Every structure is written in C-alpha cells, then in structure tokens.
Amino acid sequence: MIIEKTKLAFQDLFPATEPEPPPIEEPDEEVEEEKGKKAKVKKEPRQNGVIECNYAVHGYHLDAQVAPDQLIEAITIVDEAEFFIESITGVDWIKEDQIEVVYDFSRYDFQTCRVVIRTRVDRDNPVVPTITTIYAGANWHERETHDFFGIKFDGHPHLIPLLLPEDADFHPLLKDFKA
Amino acid sequence: MSSPIQLQPDETFVLNVGPQHPATHGVLRVKMEMNGEYIVNAETVIGYIHRMHEKMGENKTYPQYLMNLSRMDYLGALGYSHGHVLVVEKAAGIEVPERAEYIRAIMVELNRVASHLFWFGAFVMDLGGFSPLMYALQDREYILDMLEAVTGSRLTYCYFRFGGLYNDIDDDFIDAARRFIPRMRKSLIKYDKLVTGNIIFRKRLEGNALLSKETCRKYGASSAVARGSGINFDVRKNEPYSVYPDFDFDVPVYHEGDSLARYMVRMEEMEQSLRIIEQGLDKLPDGPIMPKKKPKLIKPPAGDYYQAVETARGSFGVRLVSDGTKTPYRLKLRSPTYSNMHLFDESCRGMMIMDALAFMGSLDLVIPEIDR
Amino acid sequence: MSLTLLNVIFAVVVAIAFAAANAAYLVWAERRGAARIQRRPGPNINGPFGLLQPPLDGIKLMAKQLIIPGGADKVLFIAAPVLAMYPAIMSFVTIPFSDTIVAHNINVGILMIFAFASTGSMSLIFAGWSSRNKYSMMSAVRAVSQSVAYEIPMLITTITVVMIAGSMDLMEIVHQQSRSILHWNIFPLLGKSHNLLMPASFLIFFICTLAETNRAPFDLGEAESELVAGFHTEYGSMGFGLFFMGEYANIVIGACMTTILFLGGWSCPFGLFPGVWWFLLKLYLLIATFIWIRWTFPRTTIYGLLNLSWKILIPLSLVNLLLTAGLIKVF
Amino acid sequence: MVTYFKDIYSGLVSLFIGMEVTFKEFFKPTVTVQYPYETLTMTEKYRGHVELIENDEGKPNCIVCGLCQRACPSACITLAGVKPEGEKKKVLTKYILDFTRCSLCGSCVESCNFNALEFSKEYNLASTRREDFIFDLLQRLEDRNK
C-alpha cells in the first residue's frame, strides 16, 4: 500500500536527522480517531514526525511534520512516489510565535493517499527552502504564500508578489495584520 | 517621420495580452516575449481581481462565509459551495440527510453542465466561431432558469447550508430537469456536427499544446487538463464523497494530451453529468433536507480538515484549520484553475500566439477563481 | 461609348453610391443574418426591421473624434482607411451589371480589377504599420502573407476562365456563358472547355475570394480574439467606418467577380429574360453565403491558411489550368 | 496521394455539415426576450433585495430582535426600534438596507423567526448614484400601502 510505503519513507527521515527522537513513534501507532481530540488538548507545538490520520475525519492520510532543512528530502520522497502537488499554504500560529508552511500532495491513481507535509519556522525569520526545483508548479504557490505570510522561499527564482499588488509590503494573512 | 516598432530578426518584443484582452475572459495578463508571432517566453500576471477570500474566511463566522464560495467561480458556483459545506460538516460532525445530498449532487452536476456549456461557447469563440456560443447559451439559460426557480439566483448561488439545503426542490424542477436531459443530448449532437467534426476546428486543435503526464503532475493539474493527458483522475471517483459512489458514470480520459483531447473530455463529461442527473432524479429519496439536530452555532473541534471535490474546473480543495471557535482559524482554498493556469507559462513557449490563445481557452479559465 | 467628363462624374457618383449603400446595408444584412442564425432578432429597434440602423451608425461614427495615437505615422494613418475604400469603388467602374449597365467597359477589365484588388492589402499594411501598435503590426504581417498566398490560386483560376473565354473583357466572358445554365463556366458540359473539374475551380475561386476579402474563416488580419481588432485596433470614428465599409465593398466586388467569371453574370439559368436582376440575385445569394459561412466556422490559423493555399489550392488550380488548356486544344 | 484527396473530401463534407446546422437554425424562431419591451416574471423563490412583511394592520411584523443584523455577513442592515409605553413589543422605527453591500445570501430571511422579512421580486435596479441603493425599507413599506 502506498500509504504504508510513504509512511515508512518518511519515518526514515527522522531518526537519521534527529538523534534524540522524542516519542514520535508512539503517535504513529496511536488509534487514529483520537488524533482530532488530541490535537485540541495539545498546547505544545507538535514534535516533528509522521502521523497516519483518519481519512474520514481529516480528509488526508499522512501528516508529516518536518524541520525546514528536511523539507527537500521529504518532498523528494513524495516526488519519487509520483504524487502531484495540490497546494502550498501557511498557517500563522501567533501564540506559538511560529508560522507553519503546509504542503499538500495527492495522487492521480486510485491508490488514494493524501499527504500533508508541514514545517514550522519562526515568525521573525521565516525562511524555508524552495521546492520549485522539484515541483515546478510550486512556483506560484510559494509566491502566494510569500504574499500572504511573508515566508521567504530560499532559492525561489521569482519571488515577487503574485496576487497582491507588486509594491505590496504587507502580509494580510498574518494574524497581527491590521488593514 | 517617427519610427514605429523596430523589429530586427533576432530581436524580441513584449506583447501584453491583457489585462483587457478578448481572449483572456477577464482580467488576466500574460506578458509574452515574442519573436514575430512566436512566443519566446511568457509570464502570467494574475491578481487583478484578488479579493482575499481567505482572510474573509478568518473574519466571518462559518455560515456568514457561505456566500463567498459562490463568488469564487461564477460559472460553476455550486461545486465550490459543495466543497465548503462538506469540509465544515466533516469538521463539525453534522449529519446530512440523504435527500439533501442527492439534491446537492443533482444541482452540482447541472451547474457543471452549465459551466461546460459556457466554456464550450467561449472556447469556440476564442477560435473565431461565434454562433456555437449562442447555441450553448440557449441550453445554459435553460439550466439557469431551473436553478433560479429553486435557489433564487442565477449565478452566485447561496443554496447549500451546513447540514442541508436552503430550499427543497419541487415537482416543477424535476419535470424541467427530466425534459432537459433529452434536449441537452440533442444539442450535444448538434455541437458535434457543428464544431467537433469541423475540419478547421480539428486542424487547429490537433497536436496543439501537448501536455505530458509529468507536466500535469509537477503542476498539479486536474480536470480535463489532466484527463486529456491520459491521467484518470476525477475526485468523484478517486476519493468518492457525498453520494457519488451511488452513481454509475464514467470518467472520460484521452491520451493525446492536446487541446482537442481536453475539448473532447469536457464534451463527454457533459454527457456523464447528464447520466448522473438522470440517476439522481430516479433515486431521489424522500425525507427532510435539513438534519433534525443541528448545532445552533457551528464550532468545529480544533484540528486540521481537508476536503477535495471535483468542480467543473477540477479538483477544488478546502483546508480548514479550526481552533474551536465560531470562525475558522485558517481557511485555504485550493483552486484548480490556479494550478492549471500555471502550466501555461512553461507550455506555451515556442507556440504561435494564436495557438497559445487556443491553448489558454482549452484550460477553461475563470479568473476570479484563480485570484480568489 | 464615348467617355465624356459628365459620364465619368456620373459613373463615379453611381459607383460610390452603390458601394456605400451596399456596404451600409450589408452590415445590416450581416447583423440580421447572424442574429437569425443565432436565433436572435438582431437590430430591430430603429425603423422597420431596423433598417435605419446603418445610417444612424454612420452618423454616430462620423460624429466621433478621430484619434491619432501618439507616435503614429500621421500621413499613412489617415491614408490607410481611404486606401481600403478606393480600390473597391474603382473596381465598380468596370464591372458590367448587365448589357447596358456598365460605367466603362475596358477590354482588360479583369486585369484592372485584380490590379486594384491587390492594392487593397496595402491599406492593411499601412494601417498596421502606422498605428504603432504591436497587434496591428502583427496583423499587417499576416495580411501580407495571406494576400500573397491567395492571389496566386485566384489568378491561376482566373486564367483558366480567361483561356476558356479567350478574352479578358468581362462583357465578353459573360456573353459566352449567356445561353443557359449549362454554358456557365461552373458547369462545363456545354461550355467551351468541357472540363469536369470546373466546379472545383469555382470552389477554389470562392475560397480565395473569402481569403482576399479577409472574411471568416480567414479573417486573420482582424482576429478579434487574438489581435484584439488587428489592423484597425487604433482606429475610431470614420476611420474605422471606412475600413468597415471597405470590407463590405470588397465583398461585393468579390461576389461580382465570382458571378461574372463562373455564374454567367446577368444571364438567366434558362436563357430567359437576361438582365440586371439575375446579376443582383446571384450577387446577393453569394453574399448571403459569405455571411452564412462567417457565422458557422471558426477561424483558421495562419499556417493552416498558408498550408491550404500552397498545398491544396495552388496545385489543384494548376492541374485545372493544364487540364483546361489541354481540353481546349482537343475540342 | 489517396489520403491527400480523402482529407480534402472529408474536410469539405465536414464544412457542409456545419453549414447545414446553421442553415436549419436560421429558420427557427428567435428565443430571446426583447428586454425593455418584454419582461419576464420572476419565479416564486427569486431573491431580490429584502422587503419587510406587514401584518394585517399594515405595520411590519418585525419586533426588532436584531437577528438579521447579526446574521448578515456584510453588515448591510441597520435597524432601530423603540418600546412605546405600555406595549410589550418593540416597534420598528428604522430599517435601512445598504444594498450596495448585499450579496443576496438570504441569511437575514433565514434567521428571522417572526416572518418579518421576505425577498422582493425586484430586479430592475439601476442607478448612477450610490445613495439610490440604500433602501429605507420602512419607507418602502409605507409607499406600498399608499
């Protein structure tokens, strides 16, 4: 199954790059249904790792949170497994002083598997590597995310405002944005 | 004597197609670097009618945001509403009565036919044939009249509600829909004779703008753009939602990858939508259209929810990040044309301008939907 | 017929009036016809059946300001619309509408008409060049290649007819076809040539007429969905009006030529009551076909158009020319 | 060579088929409505801008609960009411609809529990002035009753 395969590929990322993996493996085996409730209770930012989610509740199968420097590796995994890019977006977690960049991937064939890859960066210095080298179609999505959240995509070929006016220096989807 | 444009053989010039250009069907601008009639490089500039729907989503309560979705895509509005209500229902755990789901499916499919009809007309108009647009609009008017009689509006419907629908359909609607199906089938034959078979039309589209599977994947193309390139991808089949598993329909797939394949996919999709409508009318169960117990205030539990639906323009996704309050924490709208249009820059290189514009037409663009 | 000054003035006035009236009312006919095809009523508010629409449109256009874009070549910019109109009017001088209705018949009438017709594309080049607009420029370039490509098969086909008639005099060509429908050049059974490929020749000529007059499906110069409005993008008011009228006047000329060369001019299909009415009937039927075609087909591409000309029309018309020459020799 | 002529032939045939279609359409009756001279009646469920519903005495049913105001996504509705001496219900004194912002979503009508709002069938709205679209619904109700 593609879900298992991709999950295993993701899991390989974590022990290798993070020497002291906190209880990441546990949530993996956790009953999926509790995930939704658990997320509510959890105050701490999520640890990096991959979780298998209940599709019926969340609408996606795998949820991988990676460190920004692992991003390229993670994206390569989904690229090699022939996923297509659905979208890139951000979420501003102002209370935790972080911005989450969310990458959505899905598949064209009937082995349905939606993968969410997230990475968190500090609000003061939001820099993540670009994935346009892997997915050419990420170009606009990254520009849009740059527009709305001010995230700098390192190495992006053309990071100028896309949806906002070309002289826009504000980022409207940040929670502290006041029009 | 003043000297107009200087054209040297090796020199390129920049042609601004848009923001106001007949072929862009809205305020889209493509900066084309041209060498004569050939496009050397193109850069699409979007955002002229950006309305920041996503920020509005964060400021409005869930029911207040309902009407925004239909403003995204003015041709196939119901499909977008469907995605939104589904994700909120999923998040808040609202049960939808079966009748409501069936009516939703029928309405969405009708809207899809209407949208494809308009696309068909506009596409042929891009290619210079004007009459098919008028014929397509006649059939589309029929659909809009039907939808208006139920939803109360013609384009920007605000019909779906969390848990159900705003209005129930009546016998008049069912009769009209039943009458519509044979009428539409007859029209499809007419379009086939008038346009699809036409040698000029075929010569223009055959081999025009070949898109490979790989390009589609890298850009995340969906709808006819993907299906015309041999990718059997339809969210209704791949990730069945609502009552679509109950219907028997096919997903037309063409392997040529040219504009004609994209055209053929959409034309056949209309027929498939008619089949769904037919089955939906036959199977339509009785019952309420709103659930008995519906929370007064919609407050989905905190979490991350995603729902993809197949709209007339492709795979539309709504990502809802809830923090348990009555407004979404983050609402991301993944619009299909955004990805489809993104293809254009790379794929139109080396094409002649008239082919590029035919290609643009075959992508089925609705600019407010790209810009959101 | 002696050509006096009065004669000339009269002829020119009549020609201009005929061309202008035709142009104006063909716009109306086109709009009504297109509307009928699309199941709309078309212009029907001003006057009975909307018949006052063309003069009112003309007044509106004339009342508007002629805007010359900055940086445009003024002389050429103004000359271009005039150039669009004048060859059509000049051509009317030599076209015979019946035995008696002809302004001035010359024995190389065909040559003269083609000479003027080829200056028609000059106006597009001038307009495209002088407007200082990239769309106009591209349209002008297209117009040149189009007119080069289509004049060749058109002329070859005309030579075929000239060979059959043995004359370049339009009157003479009609006279030779005057007995019955079977003597028309399109139906070669009783004519001089006996060439069974003449209907193909007619079709080639007809297609070339469409292309020469920039009509759909060959309206690449205008191509409103690609080049906005092509060569007349920058024209407003009567400059635009003249282009518009020139287009329709050219259609009339094209249809006149088709009638004369292939459909027997003013002769009746059954040899009865020849007269100008037959000419006009054939003329307007052809024009109706022009309109009908325009509202049916999508536009071709520039390379599709050139392929059609160089790969199909020119070889076929050459074959036809050789065949006709041979058949004339044989019979 | 054979395909060459076949292509020409089939191409020509396809063109004639297309012309046959438009020829047939030419003789069919028109389907359009001559708008200013002919108008359509709106369907029962048509959503025009909202209108107040009156009771038997010609007074609005509205009890000034303000639910519509709160439900409105675009803040189009401004209403005010007073409670006259000795009356139980509030009486509506002002109901302004800013139609320039209204998107006809129907939230106000849905939220109303007192059958006080309905959609009008008005679709002939056009003006060059913004103020013309700020409706005083109470005034409109009185005008209707005149």
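The chains carry the letters A, B, C and D, assigned in the order they are written, with residues numbered from 1 in each.
By our rule, a contact is a pair of C-beta atoms (placed from the backbone, for glycine too) under 8 Å apart; a residue touches a chain by one contact, two chains touch by 3 or more.
Since we're looking at a predicted model, the values are computed, not measured.
*Asks:* Sort the other chains by how far their Cα centres are from that of subunit C and give me the top one.
*Replies:* Here the answer is chain A, farthest from subunit C.
*Asks:* Using mean CA coordinates as chain centres, what's the subunit C-subunit D distance in Å?
*Replies:* It comes to 49 Å between the two C-alpha centres.
*Asks:* Could you please state the distance in Å, as a whole number, between where the Cα atoms of subunit A are centred and where those of subunit D are centred?
*Replies:* Centre-to-centre distance between subunit A and subunit D: 43 Å.
*Asks:* When the centre of a chain is set as the mean of its C-alpha atoms, what distance in Å lies between subunit B and subunit D?
*Replies:* Chain centres of subunit B and subunit D, defined by C-alpha means, are spaced 24 Å apart.
*Asks:* Can you give the whole-Å distance between the Cα centres of subunit A and subunit C?
*Replies:* 64
*Asks:* Of all the residues in subunit C, which ones touch at least 2 other chains?
*Replies:* 37-40, 295-297
*Asks:* Going through subunit D residue by residue, note those that touch at least 2 other chains and give them in order.
*Replies:* In subunit D, residues 15, 18, 21-22, 25, 31 touch at least two other chains, as defined above.
*Asks:* For this entry, which pairs of chains touch?
*Replies:* Applying the touch rule to all chain pairs gives A-B, B-C, B-D, C-D.
*Asks:* Can you check the complex and tell me which residues of subunit B touch subunit A?
*Replies:* Touch residues, subunit B against subunit A: 46-47, 50, 52, 54-55, 58, 87, 90, 213, 216-221, 226, 231-233, 237-239, 301-308, 315, 317, 319, 321, 324, 329-330, 332, 334, 338-339, 342-343, 346, 371-372.
*Asks:* Could you please specify the touching residues of subunit D with respect to subunit C in the complex?
*Replies:* Spelled out, the residues of subunit D in touch with subunit C are 8, 15, 18-19, 21-23, 25-26, 28-32, 34.
*Asks:* Note which residues of subunit A are touching subunit B in the complex, please.
*Replies:* 35-37, 39-40, 56-60, 63, 82-87, 89, 91-92, 102, 104, 106-110, 112, 114, 116, 135-137, 139-140, 148, 161-165, 172-173
*Asks:* With touch defined as at the start, can you tell me which subunit C residues reach subunit D in the complex?
*Replies:* The touching residues are 33, 35-41, 44, 292-293, 295-297, 312.
*Asks:* Which residues of subunit D touch subunit B in their complex?
*Replies:* Touch list, subunit D to subunit B: 10-12, 14-15, 17-18, 20-22, 25, 31, 43-47, 71-73, 103-107, 110, 119.
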